[in-house]
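Here come two complexes built around subunit A, the first alongside subunit B, the second alongside subunit C.
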Partner chain A sequence: MDWEFLAHNFRILIRGTGNTLLLGAATLVLATLLALPLAAASNTQRRALRWPIAAYAWAARGIPELIILFFCFYGLGQLGLRLEPMPAAILAFTIFSTAYFLEIFRGGLRGVGRGQYDGAAALGLSYPRMMLRIILPQVLRIAAPAYLTMAISVLKLTSIASVVAVTEVTHTANKMIVATQRPFEILSMAFLIYVVMNSILIGLQMLIEKRLKLKT
Partner chain B sequence: MFDWQIVITHLPDLLRATVRTIQLTLWTVLLGTVLGVALAIVRQSAAPMLGRAIAVYSWFMRTGPLLVILYFLYYGLPRVGIYLPAFQLAVLGGGVASGAYYMEIIRGGILAVPKGQMDAARALGMHPLRVWTRVVLPQAIPVFLPPFVSNTQLILKGSSLAGVITVAELTGVGNRFISLTFRPLEILFPVAVIYLTLNSVLVLLQMAGERAWHTRR
Partner chain C sequence: MITDVVSDFASPGPAWPETPPPGVILDLRTIVKSFGVLQVLRGVSLRVRKGEVLALIGPSGSGKTTLLRCANHLEQPDGGEVWLDGELVSHRVTRGRLAKAREGELRHHRAEMGMVFQSFNLFPHLSVLQNIIEAPMSVRRLSREVAVQRARDLLQKVGLVDKIEAYPLQLSGGQQQRVAIARALAMEPKVMLFDEPTSALDPELVGEVLGTMRMLANEGMTMLVVTHEMDFARDVADRVVFMDQGLILEEGPFEQIFTAPRHERTRTFLQRSLQSNNEREK
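What follows is the complex of A and B.
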């Protein structure tokens, strides 16, 4: 066990986690903020709103993430918008994550009983007040497990950003394989870094789920 | 503007690569399912040590990225003297990674069939094979078909990573064409359409399957 080698290279790999977490966090924030209003919009009766959103959700979930990433990094360049790897990755990840969160929030929205809306109307609450104070908290509670599972998937997926030269963990590991010629050690450490990160998230998920159960 | 000529000239090669993608997906699903069934069975009859090993494997596959696994096989195996074509490496990586998910799916299906069904069938003197084909599977399949198909959709999308380890599938070939033509949009658009078409085929198969195995209660 060449501990010196492992320790030295582990420190280099860890530097990649900064970008991994940046990509993951930025994506989660943006995608959640976008998916909530879209989910609310797709729950209305207006077909003109539902169709484009449904089409977007279908396309963004059906096209491989790597293709969406290539589109943001290479495709937009052809249209004149040349993005750096990280912004392109954030854009791409937001595009498909929003679609997944959109479906998750729609499911949460459907889980809120009709009585809630009637009750709010009986209390004379305005639409924004009702949405924010009554409906939204319940949607978040119902959608929490699926949401957190998706969040973990997003963090796992950040490794594909390495293909467009985002200097996150996988990309760093790839460069180090060439430098050190020790793929087993480097990749095992990289893999473990992801396992640990996601395990922390899973732990968080279980904690949140437990607290939510107690509240109801 | 959008140059359709580029689309037309590259379409035959893209379609050939699509065949590769379909093969890759099917083989991965096959390996993953076989592995999942085997693990599900082992998990049921569990020796506790084995059950824990399977749980660890499952945890790793659900928290670790597929791309790292693929790189592991691609760079690592030649170092221990195992030289396999990239296609097989991709199937191996995808199959092992998805096996954990398939195990959960199949366990869900089998657990959904009430034990009483198997007991009653055997009490009636049914041949054990018939018990499986006539009683258990028809009730288990509607339960695990939707997650099975959605997992297959995920594998179809995951196959796009195989291009990174030089498999000549749709995304990898598309990427090469982008470098050759400098027209990413003309390449990415047909590629996206092809993936969406394959996806739709899967959804249609799922709908047909649900209709075929719908148990009348």
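What follows is the complex of A and C.
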């Protein structure tokens, strides 16, 4: 085991995690903030709201993430909007992640029984109060497992940003493989880095599921 | 054959509605409601006096639940008026004419009518205490101390003060329903609406809920109860109202309805429900 080699290159590889986490976190925050109101909107009676949202979700879920990424980086570039790799990646990731989370939140919303709305209304709770205190907490609890699973997928998916020159872990690893000609060691370290990052999310998921079990 | 029986209390309608006489807490006038092509309420009028306990009975689909939900506007009636304690709550007056009331005002009045549901509808992610203090704090703007004290007193009353920190799903059905009653009472409503409060309970648990309701009645609470429990209708209700296919067919004390019903349908319904009551008790 050439520890000096590993140690030296690990330090280089770890610099990529900054961008991985940046892309992942930015995507999760933006996509969640967008998906929640969209999910609420797609639950209303008004067709003018439901249909555009449904169309968007259909398209975003049907197109490969890599194609959306290429479109945001190269496609928009040809149309005149030249984005740097990271902003293009954040845009692309937000586009498809929002659609995924939208479906997850809609499922959560559907999981809250009609009786909850009746109970809150009968007590005279205002609509904002009802949504904030009664409905949304339940939606999040129901959606939590699917949400966290998707969050883990999104984090892993950041590796595709390497193809548009976002210097995250995968991109850095590729460059190092070319430079050192030792893919096995480099990739093993990359595995480790990804697993550790995801373990945090998986640990979070287990913690949340444990806390929710206490209430029954 | 159903003949169109319009309750004695229906007003033939001067251009401007008359306020109900004093002492009438809830006045429902010719309530009409359809769901799509199905007309569920075909002009129902009902008056509940202060302190009265009314049992609303009838076969499924007769509109009893819909009538209750129109009273507190969980459903919007297609026609008719709802008066609460002398005030017209289903409509507002704009430019000298009547228009449907807006959600804000409806909500305000809904808070004065407590409702207890067949499926309890407690908030599962909140504790019993939090369930009860939520509305008094956010709607009536009570301080936390006052709300908590009120919750304690009410739980004491329904016999569940030791469950104050428990979560709804840790309780039995009967306990959940009693908490639901306490939650509704926390808003100090003028009238309590019960929508088949014991229908979803195991038979052994029905008694504790009916006992609580009986206690409320004895304390003078105005109650409108949709129920299949004939014992309750007979022992606790001041008046029984029989509905069928969207209309009120009979109204009066239980004995009168039971021994001298005016309609064949009433007779058949009572026979059938007392039969199934006896079968359940075996």
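General observations
Here, the second predicted complex is superposed on the first by the 214 of 216 C-alpha atoms of A that agree within 3 Å, B and C clash if a C-alpha of one lies under 4 Å from a C-alpha of the other, contacts with A are read in each partner's own complex, and residues count from 1 in each chain.
The definition used in the following text is that contacts are C-beta pairs under 8 Å (C-beta built on N, C-alpha and C of every residue); 3 or more make two chains touch, one makes a residue touch a chain.
Owing to the predicted nature of the structure, the values given are computational and were not obtained by experimental measurement.
By the touch criterion defined above, A:Ile67 reaches subunit B but does not reach subunit C. When the two complexes are overlaid on their common chain A, residue A:Arg129 makes contact with subunit C while staying clear of subunit B. After overlaying the two complexes on the shared chain, residue contacts for A:Ala121 are found with subunit C alone; subunit B is out of touch. Which of subunit B and subunit C touches more residues of subunit A: that partner is B. Of the two partner chains placed by the overlay, neither subunit B nor subunit C lies in contact with A:Pro37.
In the superposed model, A:Gly111 makes contact with neither subunit B nor subunit C.
Once the two complexes are overlaid on the shared chain, A:Gly203 sits clear of subunit B and of subunit C alike. Touch criterion met: A:Pro137 reaches subunit C, while subunit B stays clear of it.
Under the contact criterion defined above, no residue of subunit A touches both subunit B in one complex and subunit C in the other. For subunit C in complex with subunit A, the touching residues are 72, 74, 103, 107-108, 110-115, 117, 119-125, 134-135, 138-139, 167, 169-170, 180, 183-184, 187. Chain contact summary for the complex, subunit A toward subunit C: residues 113, 115-116, 118-127, 129, 133-134, 137-138, 141, 215-216. Listing the residues of subunit A that touch subunit B in their complex gives 58-59, 62-67, 70-71, 74-75, 77-79, 152, 156-160, 162-163, 170, 173-174, 177, 183-184, 187-188, 190-191, 194-195, 197-199, 202. In the complex of the two chains, the subunit B residues touching subunit A come out as 59-60, 62-69, 71-72, 75-76, 79, 153, 156-161, 163-164, 171, 174-175, 178, 182-185, 188, 191-192, 195-196, 199-200.
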